[in-house]
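Some structures are shown below for you to check.
Next come two complexes, and both contain chain A; in the first it sits with chain B, in the second with chain C.
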Partner chain A sequence: MATLIAKRLGLMLFTMVIVSLILFLLLDTNLAGDPAARVLGQFASADQKSLWLAQHGYNDPLMTRYFHWVSGFVQGDLGESNRYRAPVADILGPRLWNTAILGFWTFAIMIPLSLLFGILSGMCEGSKLDRTLSVISIVTTSVPEFASSVFFAAIFVFGLKWLPGTSGMAEGFDWVQMVLPVMVLVVYGFGYVARMTRASMAEVMTAQYIRTAILKGLPYKTVILRHALRNALIAPFTVIMLQINWLLSGVIVVEFFFAYKGFGALLLEASLNNDVALLEACAMVAVVVAVTTQTLADIGYTYLNPRIRFS
Partner chain B sequence: MATATQTTITADSYGSAFMRGLKSFALLRESWVGMIGAAIILFWILVALLAPWLAPFEPNASIQPFARPGTVSAAGATFWLGTDHLGRDILSRIMWGTRTVLFYAPLATLVAYTVGILMGLAAGYRGGWIDDVLSRISDIILSFPVLVLYIIIIGVIGASGINIIIAITFASSPGIMRIVRGLVLDLRNRDYVAAAQTRGESDWRIMLVEILPNARGPLIVDACLRLGYVIITIGVLGFLGLGLPPPDPDWGGMVNETRHMAIAFPYMVLAPSFAISSLILGFNLLADGLREIAIRD
Partner chain C sequence: MNTKNSQAPILECKDLCISYYTRAGEIPAVVDFSLTLFPGETVGIVGESGCGKSTVAMAIMQYMGANGGIKSGSITFKGQNMTHMSEEELRQIRGSEIAMIYQEPFASLNPSVKISTQLIEVPMAHEGISAKEAWQRALQVLKDVKLPDPERVMNAYPHQISGGQQQRVVIAMGLLSNPSLLLLDEPTTALDVTVEAGIVKLIADISKKYGTSQIYISHNLGLILETCDRVFVMYSGEVVEEGSIDSLFSRPRHPYTHGLFACIPLPTADKNAAPLRPIRGQLPLPHERPQGCYYGPRCDHFIAATCDGEHIMMAPVEGSAANHRVRCARWREIEHDRVIPEGIGEQPVAVGEYILEVDKLQKYYEVRDNSLKALLSGKRIRHIKANEELNFRARKGETVAIVGESGCGKSTFAKVLMGLETSTNGEIRHNGVEISEIAVRDRSNKQVSSLQMIFQNPFDTLNPSHTIGSQISRVISKFGGKTEKGKIREKVMNLLDIVKLPRDFYYRKPRQLSGGQKQRIGIARAFAGKPSMVIADEPVSALDVSVAAAVTELLMDIQREQKTTLLFISHDLSVVRYLSDRIVVMYLGQILERGSTEEIFSPPYHPYTEALLSAIPIADPKVTKREIVLEGNLPSVMNPPKGCPFCTRCPRHIGAICDNEVPPVQQVNGRHFIKCHISLDELAQVEEVIHVPSKAERQQTVHPTQ
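Let's turn to the complex of A and B:
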């Protein structure tokens, strides 16, 4: 177990280093276009560009600049955003917090809901509930987040006029404005997690030890709660952890649509405005979050599944 | 005797590849879910092919801004779905937009598959350091949240049709490679592969002629699902303003251009959203039907 954790952590670190190198090469060097032109616009004169490059230390050797950037990143100095004219860390902090709130509510609603439906329909394969769930999950995973945002907005904002159409939170936190973004994310993720839970539950229900437990006369409730669930929930655990990676994509669309001031909208803004330092920081944060949750999912899976742990 | 039978079987199966393709398509009749999916896709393909004749207006022509659905134009034709803020007929734009999405999505999927399959074959069959390097690279690419990856790639290389194909290939070939690699690892120990090796066939011939055709089942199902994802991706990129440059119609872009007016003119964003959702639903249903058939056989 200890070697596995050490191995996974090593791999995580390796991935992050490679990703940081790629991001740096792509965004901060002239490998893919002149960074000065990206910031100053394509009509800047050659003098302006070389002056800007010199001012921002672009004439130093590549590796020096990379190490400077990475060491700054590790210490929390993320550079200066050239659009907001402020340190990136100051902008990123509150935005990340807002997205964390959004993500928290999405998971707090999606996980119990999809586990419940997945387990119930996995318990009796082919039942009415099971078929309903499979139809619902195909439909919800077919509707892209921006389209479901449009549909929900059409129903609850334009039609019923129950909810506000934007979630800018201009006057402080307002839970009414959270409803639509959370709803869109829950609906998109629900189908997938429920389907995975269902598949896992259905597989466990056909196992020999479940039949034995039923045949030896244990109450059905005990069979489900003590025997089936413990094994059926191992796979959904990984799926849920990996959903965080998906959520990082989903929040970009949803925050953009509802003008929610979160991390995803910031990343997109940074890209559209060629705000290199901000984009690098956002991308790095996204990858760190994604890789960390993947590592945790792997370690957790091994911990939960004794067949892997002891082999 | 045995040799003779074997030759006839081979000749037969190669000769009727087209017929076998038709036959497996006819199998789809057994799954009504798959049939519905196929019907939806067929509908949109017809719309795309017949767009020049079906569309009542020029897709980029500015005729009459903010016309409600059903308004009759000065020339006498009806704006069935209304017009957008620039006075372009939404129905015509959706019809022409079908061409955009049904051109770029399959093309991007095809390119991604070609790259992914070659990578997967090489990694699975050759193994060794090639496998290590390719697997490590795909681990790194797959560790990115997908949309973040697209935003960075498009941000660096710019938004255009070819660049969207490049970005999709870059982001999805690692996933395809993993699937192919897994299938190859299972198939490469089969007797017919050993026989081909004994005959002295080259590695690439074995990979492409002996192994790949036998891995097609799961790959076809995955391709269907992936095509759905690629349509989502193209739509989302358009929606985020990173898609195909205007003015040519693109469903995601149509939502992006008019979403600020959605509160007063919801029909402008509703129509393209319905269009894209139904097309993706078609591919997902088809994939589900195919999987059902594959499991049964």
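Let's turn to the complex of A and C:
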């Protein structure tokens, strides 16, 4: 187990170094267009540009610049955003926090709901309940977020007038403004986890050890809770961890649509405005999240599965 | 029987009809099944796969899955009709009154729940006792099923113990609430022979000790003989014959029962004197059963009008004891007690020069140990000694069998021979050429074609998306030296004839073939390039008895014809005895004994050979066996004993010398060698394990299969 974790952490670090290198090469060098022009505008003179480049260290060797960038990054100096004219770290922090709140509520509702759906339909595969739940899962998952955003907004904002149409939270945190973004994300995301859980549960229910448990004369509740659930949850666990990555992309649309001040909206703004430092920071955050969840998924999988744990 | 009859039966199945409902319609899996079981009695159900054995067991449990159901008939358990019970009433009977033991112990234990939990929940659910009390009970039962170190087993997960131990755990689980009926569905099929012998003995002891009634399901007539009082022979969903072991085994009446006996090699027969006689044709699918007798199309005694008219009912065999019944319209007329006609036997093949010489062959696998302990001690790389010092020879036209239990290194040796692995040390000369270090891709076409292999699972080696014809053609164009399309095609057709498959199989895909047919294709492919030697790795052990008999006979015929050397790898000594000229007995990567078949089957024996012989189930009540049950498990190849590999289980263990010193290889005579510390003189004193009555003894009561 210890070796596994060490290995995974090593691999994680390696991935991050490679990705950061690629990011750096793409965004921060002259390879992708003219950085000076991006900052100073199309009409800056050549002298101005070369002065700017020299001032910002662009004439140093590539490796020196990369290490400079990375060491700043590690120490929390993420550079300066040229759109907000402020340190990236100051902007990124609160935005990440907002997205974390959004993500937390999405998961807090989505996971129990999808597991419940999945387990119920997997338990009685082929039944009416199973078919109903499956149809719901498939339909909701196949509607993209922007469509459901429009749809829910039409119902709850314009039709019923129950909820506000934007979630800018100008006057501080507001529960009511959270409802629509969370709803859109949950509706889009839960079907996938539910269907994975269903498949896993259905497979476990046909396993011979479930037959053994039933023919031992155990109460049905014990059969499900003790013998089926744990095995059935091994596969969905990985999926759930990977859903965090999905959430990162999902929030871009939703935050933009509802004007929620989170990480997704920030990422979108940064890329639309050629804000290199901000974009780099956002991308690195995404990478860290992706690699971490992957690692946690692997470790959790191993932990849940004694056959791997003890070999 | 008489004393038992005075008691009330514990279980009564009456005219049971069980069907599965699939998209293709209703499948009548079992029809008209009746069985009465008295307390303390063990009844066997025997038949080939798909004949409905498991379906009967599941019906008794009232657990038919989503698509199965009992159509008519009744199951009465201790006077209560089970077919009318509610789920809750059934739950109270399952596990406490009726317990079941399954074919695959590993699959039937929950991989992520500790064994202790899986055991104690049984009495806790049924008797409401405390966890502590249940724990004590579980520990006791684990001791009863002779598990060494029960505390460790309690705290283990299923994958941490061996297959034999897993089966003992499942048996313990069944016994925990002291049931009055135990259903055993092929409980030893997945186990090694010596482990199987131990489990069979355990099951027999249990029924004696606890007075548990048992229904023992098996496809192996020998096991049924060893475990049961009465036997039911099933064919295509119905019982075709039932009777006491004695009556049915000494005078089977139904042609199918007879066919089964003729398909298994008995210790009295060898391939030249009395070839196996496979049953022709195939088991009909449940919805394609013929009119009248289901066995009709395969029966040698079929007579139109008598056999294909009305459905045939079970009829008592008058004059026979113990309620012997048979479902055959002509049982009175058929004269089974015939000796095989003269001249049906084959001439032994004259053996020629040495085709294969193996000298001091070693194959070690390196494994990296990633445990913390290994990291700390620095011993990260360990060797698995899969083959340690193998020495033996095979001549042209000879059949040499390698026998041994799982993990003894049989398949590793085959891989080295085929060049799928290269040896660590030592030599293999094939036709005089050293090949042990040449990987298969570096071997010439000629070398590859002269050394071919037949696998246990033919399915894995056939490409599912190509026709049979194109797959054999490829082999021929590569190795057979033929290039013209027409010639190759002709050759493939020829091969199909040889393996007795219809020519239009040329155009079929592998999935359209049954197991036996696939194995025939495997044989055709192996023999396509006229090999001088063929290695067959458990070629028939996945097949049903009648199919296995046919495939075995086919293999023998082709080998005889082409004078190929056959290296037959198997764990089944009765088949090995039947078809091989020489036997090599392996254990934990070493050869413990080798010699001619005669020599292996008579004293002096190596103590391991002796145990192996005792483990062969023999379906002949006249043959007597000395019982040797091995205690303990096979040691791990990662960590073999220092001295004699067999020292941890050897019943003849003679002291510290066995544990500490590698035993010498002693030459008995000519080509017979035994690796043991006990002197040959002493080993020669040993009584024979299997006693086959002599001709004179036999003459008094004519055996039906003779």
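We take it that the second predicted complex is superposed on the first by the 311 of 311 C-alpha atoms of A that agree within 3 Å, B and C clash if a C-alpha of one lies under 4 Å from a C-alpha of the other, contacts with A are read in each partner's own complex, and residues count from 1 in each chain.
Going forward, a contact is a pair of C-beta atoms (placed from the backbone, for glycine too) under 8 Å apart; a residue touches a chain by one contact, two chains touch by 3 or more.
All values derive from a computational prediction rather than experimental measurement.
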item: Chain C versus chain B, contacts on chain A by residue; value: B
item: A:48 touches, of chain B and chain C: first, second, both or neither?; value: neither
item: Touched partner set for A:150, first chain B, second chain C, both or neither; value: first
item: Chain B versus chain C as contact partner of A:222, first or second or both or neither; value: second
item: Touching partner for A:256 - first (chain B), second (chain C), both, neither; value: first
item: Partner chain(s) touched by A:287 [first = chain B, second = chain C, both, neither]; value: first
item: Shared chain A surface residues [contacts with chain B and with chain C]; value: none
item: Chain B - residues contacting chain A, complex; value: 139-140, 143-148, 151-152, 154-157, 228, 232, 235-236, 239-242, 252, 255, 259, 262-263, 266, 269-270, 273-274, 276-277, 280-281, 284-285, 288
item: Interface residues, chain C side, partner chain A - complex; value: 61, 63, 66, 87, 91-96, 99-100, 102, 104, 107-113, 117, 121-122, 125-126, 157, 159-160, 170, 173, 370, 372, 375
item: Of all residues in chain A, those that touch chain C in their complex; value: 2-3, 126, 207-209, 211-220, 222, 226-227, 230-231, 234, 304-307, 310-311
item: Parts of chain A lying in touch with chain B, wherever the complex brings them together; value: 11, 15, 18-19, 22-23, 26-27, 32-33, 138-139, 141-147, 150-151, 153-154, 157-158, 165, 245-246, 248-250, 252-253, 256-257, 267-268, 271-272, 274, 279, 282-283, 286-287, 290-291, 294
